[in-house]
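Read through the structures below before going on.
Next come two complexes, and both contain chain A; in the first it sits with chain B, in the second with chain C.
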Partner chain A sequence: MVSTTDASEIGLDRLPPEAGPVVGKDRGASTGFLLSLPATLLILVVIVFPFAYVAGMSLYNEATGEFVGTANFRRVLSSTDFLPSVRVSLVWTISNLVIQTVCGLALGLFLNQRFRGRDAARTLFLVPFVVPTAVVALMFSWMVNSTFGVFNHLILTSGLSDTPINFLGDPRFALPTVVLINCWRWIPLVALIIFSILQGIPRSEYEAARVEGAGHWATFRFITFPYLGRSMTAIGLLGTLLTFNIFDLIWLLTAGGPVNRTKSLPVLIYEFAFGLQNLGAAAAASVLMFLMLLVFTLLYFQRRDFKVE
Partner chain B sequence: MSSFDSAERQPRSLSRRAVVGAAAGGVATALGLRAANAAPLSAPTLLRQETTEIRFWHQEVVPKRVEVFQKFIDAFNAENSGIRVVQESQGWDTAFSKLVSALTAGNPPDVMLSLPALTMTMQSRGDIIPVDDIVESVNSQYQFVESQLTPFKYQDATWGVPMWGMTFLLHYRTDLLEEAGVENPPATWAEWLDASTKMTGNGKYGIILPANKNLFTTENFYSVMINTDARIYGPDGKIAFNSPETVEALTFYKDMVKAAAPPDAPSLDWGTWEQALLRGIGASTNGFSSWRQAMDETDLKDNWSAVAQPVKEGGKPGQIHYPNNFMVFKQAEEKIEAIARFTEYMHQPEVNGEWLATMEPTLYLPITETSQQSDSFWSNPVIAAHRAMVEKQLEVLPRGQLYGFEDPGAYNPTVGEFEGSGVLGEIVQRMVIEDLSPQDAADFGQTRIEEVLQLQ
Partner chain C sequence: MADVGLLGVNKWYGDFHAVNDLNLAINDREFMVILGPSGSGKTTALRMIAGLETLDSGEIRIGGRRVDPLPPKDRDIAMVFQNYALFAHMTVAENIGFGLRMAKSPEAEVKRRVLEVAELLGLEQWLSARPRHLSGGMQQRVALGRAIARNASLYLMDEPLSNLDALLRVKTRTEIIKLARSLQTTVMYVTHDQIEAMTMAHRIAIMKDGVLQQVGAPLDVYRTPHNRFVAGFIGMPQMNFFEGSRLHRDGDQLSVDTSVFSIPLDRRVVAPLDMGDEVVLGVRPEHIRLANPGMTPTAEAVVDVVEPLGAQTLVYLSAGRMPLSMLIDGHIELVPGQVVQLTINQDSIHLFHPGTGSAVPTRTLEEAVR
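After this line comes the complex of A and B, so read on.
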């Protein structure tokens, strides 16, 4: 905090009375502007400009360079694939977030306990996250393969089923399978984040609760959960946006199939762009997806947790 | 409000204005540039130079193939002091988007390796020029296989110079066929279904046949469509998918998948397909032949043979094929003589034979009669080891056919979208997964193709 004492210590009190505050404000303003300039320019170059370019593309027939107004948007919205893709994206995002939060919380609480090998466990937990997506996809596509995959071998030899299960080719199993594979990848990271939040909770609060005779559930509900809640609000927003935008794993595992049961919006956009070679429609679908996420983000920011107290 | 609050807010509001202003400026600039880019750009001024540089794009990303390209480009450059060919490898996945970007920027390649569908897409956009003179020159010296030229002749010109061909054969396990009590490899559809069914069992599948929404399935199913003379496009250019011929092809394909394909047929891709063959799970496959090189590393290498794709009784012999071609962009019109020399060089029989044999033996086939006789092709060790199979490929090559190009002179500029959409695979996948009747699948397919291609 600035105080008159601080100002006199650095000689500001010797400036003319009318000049002091103005010079200080100008200098602060211009310094702040200059300091934020590189980041602002970077954002303009790598986010604003490309997005504006894509927004422009959505108004053109990219094959002919002809201005077509909202034709690309009408094409996307009238496509029989659009609404099912929105539905798949919602199911994909919500199921991922629920499973990852529940399992990540359980593992984070587990890691927060004192036990032998905890440090080693924490390190091992990061392994799924550092494996490249392409490797994860290849590894699981072979493991769940119905002809020579290890999962089906176990299912058949254990008698759980008489016939192999086509995890990625059967419409009933494809989306759940891809969700679970994605969760396998992300749950350890969620667990480590939760663990780091738990480590930041003052021990004194737990000790006070114990002195007051609080049980495990009361301790979790009144101490652990409020701390987690505040952090998880921000993480939830990031997680939602990241999960909604995931394309690589879905594409590599199922390419949106079977019969479009895993065709999320990013996959649909890819198909428009590189399958149908219609960059204008792909750009329009991207803009629509951006607007959906923007509305979600704005609504999310209305939460009390984001209000400055 | 304290003075501190006021002082703190001042830079914040300034910063926000600056950011918003800069962002708005950025958006306006970007939209302005986008609009400017939409207008055709004038051709860049070519620098006067003694050496003509040819920018050559291709989609071969495998390091060995790029090296082979470079070897022959270097040899050409050494022989032609006034010309310098420079290769740029793009990869098929991103070739179209990169090409559109390059065209928008007014900086496309001079010549590009392509396929019939992409060539027609570029022709319909007005981005490429006819290459009749080059084709006539090569043809008069080395004689193209006619089926390789057909997909490039439309609208009173030839738009691509065929460089190599690829085609399907039926590959089968000789030991499993014998165990199944089948004396001869199948020649008809009935024999094919019967043999595949008999070879299925004990953890083996009679045929590794895909029913997935991908190009792999498109190729397999279209290859069957050829035998019933079923069509995607009619002679009038309209979608003619829903026909008795298509229903017949769908019926056969569905029967084959149900009787002899592995349960993961609806999710099969090239990777899992090859694994199934290499692991000895598959008894046969209808497809290209380059995977046989990987099979040579296994104990099963001597257990495979290949025949022409079986034909429906009384049907039309044939199978899918892909002629790969050079296409020349408008901006390179002034360099056409240099491009012609490069093209003709790559067609010189001994150059052509060695080039294709070393780049991807058993996949890329010479498509001129003289190159097919070249010593440099047949002396390659891999070709020599699979001589009977390669001879069979060359034997069936003249019967090759491709969707959208069935009729000489056919002009279907949406064929690139059709190929890229994977819609044929989608139809097959839906039929298999949802157990649609072939007629229902044909009905659905007609509507779906029209929707995807925006022809409704």
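After this line comes the complex of A and C, so read on.
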């Protein structure tokens, strides 16, 4: 009779049928490997390889091709723009997340109410998200323009101020304005996601709460909120990473200005790469940003919500 | 502790009449079971009493107080939902204590009451568990616990046992009865299981298509069903119905004749029926017996299928071309193909109008003389 070791040595096709279970196991493992191969390759090609390439770039002087060690990193860290950019990125990400969560939640709860035209409202909600970023940027540039923008028209006619406000040009207003424009774009999506989570909460729990005498606030706090909380932790991570990485809208609206007030890390990296033509420094800044996000993600995963019970 | 009154209650879902002119009075401390097949409007009726559904017309009173305009929390009710509806993100203790906390009871009082209820239901070890980690039976108890932790005037239970396995069902059934007794409270209990209804109820209200069919004590409903639907719904195995039977008079002797056998009647039919009119004869399987030798049998039949249940045996037979079933003592052995003689006691038969299905009232001669 053929032993187990023999079976694997002589190959599957020549095995006698008696060795069935062993064959099944071996074949299972190798099939599993084969099946996961495309995904593994894909990850290698689209994620690991480009990252390794950028990481490699950060160690070279891209213009001369010479190995420079940590020089690029030192160049980035000693740049007077770096720390302010980190600060802008943090303010950008946190304010976006807070505003989007609060407004998205309110709108989501509102959508969850039954009212006439709710379905139409839901469809309309997708519009800001469907409009291309370039169009959003152009549209809002006009609307907040200090000489002919509709907002300034309203501000002047309502008497809120007697001089027009240069929303994107004034260092005090630039970042808040860009944040709000970005929120305009994302809040409806957040609201729709929250709405869909709300739809999944069993009605009977709400009914039980009503019978047990819970008011609106207690119902939200003890039933709606715990249900939202769970899904929101996962979405929160995604949202943070997505928001942190946004470059296009900021670049199109302010190009990082005025006086660097909206120069977030992605904008800084772009400037290193294409403004200063220093690809090595851009790569080093990218690696630093990647490490920051990685640490954040790892810390985030320590949350209890992510632990499998 | 309260009596409950439903007065002309109606509920429509669009064109669908889910509850049709429901009038029902439940006594203080009564255990009232609402029984009916799927879709008969039982849940709808219960939800209207709870305040989870609005009435289209009619009135609901609890303890003499009109409650139908009030929200659930002002009706002084507790409810056990069909699917438990436990709060998924709360522990067992938090579930049980939720109502008390909402009522702003002092925290010490809530803790004491939660422990008391947990002890009563055998949930002490599970107090800090989440509902989804519990078995169906345990979840059921938590749902019960949440309902009884508060003192309500009226407890509403919507098929609370339907998700349990057979054994647990019987056990929990007994527990609920004991509980209701010890709480000295009014209970409305919805089920589509007639055994639950028969064993638990003080009175049963039977519904069909949103219409209340009959209200009565379990045995009354069993013995004198008001219509063919109730007769068929209550009793296991189901009552035999012989369609196309006729009332027949031969001299002084009244009888009801099916196409193959005839049952003499010493009773007067007190209904607008003439001799020769068609009726539906109903006989429960447990009221058909094997004829003793020497007796004049009512009918002759051939055994088709024998289903031993243990103490009793259910036998399916054919009398001529008419199928019927019979419940006999478990120690009697019959074999398929065997020809048997049957007797049917005339006191145990039921007559129904073929069209309306309502019971044909009859009176014995003695009753008529009295």
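A few comments on the model shown:
Just so we're on the same page, the second predicted complex is superposed on the first by the 284 of 309 C-alpha atoms of A that agree within 3 Å, B and C clash if a C-alpha of one lies under 4 Å from a C-alpha of the other, contacts with A are read in each partner's own complex, and residues count from 1 in each chain.
Following the convention adopted for this analysis, contacts are C-beta pairs under 8 Å (C-beta built on N, C-alpha and C of every residue); 3 or more make two chains touch, one makes a residue touch a chain.
The shown structure was predicted, so the numbers you read here are calculated from the model rather than taken from an experiment.
Aligning the shared chain A places chain B and chain C next to each other free of steric conflict. By the document's definition of touching, of the two partners only chain C reaches A:Ala214; chain B does not. By the touch criterion defined above, A:Val259 reaches chain B but does not reach chain C. Of the two partner chains placed by superposition, A:Leu291 touches none, neither chain B nor chain C. Of the two partner chains placed by superposition, only chain C is touched by A:Pro202; chain B is not. Residue contacts after overlaying the shared chain place A:Thr80 against chain B, while chain C stays out of touching range. Of the two partner chains placed by the overlay, only chain C lies in contact with A:Tyr227; chain B stays clear of it. In the overlay built on the shared chain, the residue A:Val131 is in contact with neither chain B nor chain C.
Put simply, chain B and chain C get as close as 20 Å, counting only Cα atoms, in the superposed view.
The contact sets of chain A with chain B and with chain C never meet.
Remark: chain A residues 1-2, 21, 24-25, 28-29, 32-33, 36, 40-41, 44, 48-50, 52-53, 55-57, 60, 62-67, 75, 79-80, 138, 141-142, 145-148, 163-164, 166, 168-171, 254-260, 271, 273-279 touch chain B in the complex.
Those residues of chain A lying in contact with chain C across their complex are 202, 204-205, 207-215, 218, 222-223, 226-227. Remark: chain B residues 3-4, 7, 10-12, 14-15, 18-19, 22-23, 26-27, 29-31, 33-35, 37-40, 93-94, 96-97, 100, 104, 121, 125, 205, 212-214, 262-269, 271-272, 275-276, 279, 281, 416-417, 420-422, 426, 429-430, 433-434, 451-452, 454 touch chain A in the complex. In the complex of the two chains, the chain C residues touching chain A come out as 50-52, 71-73, 77-79, 81, 83, 85-90, 98-99, 102-103, 146, 150.
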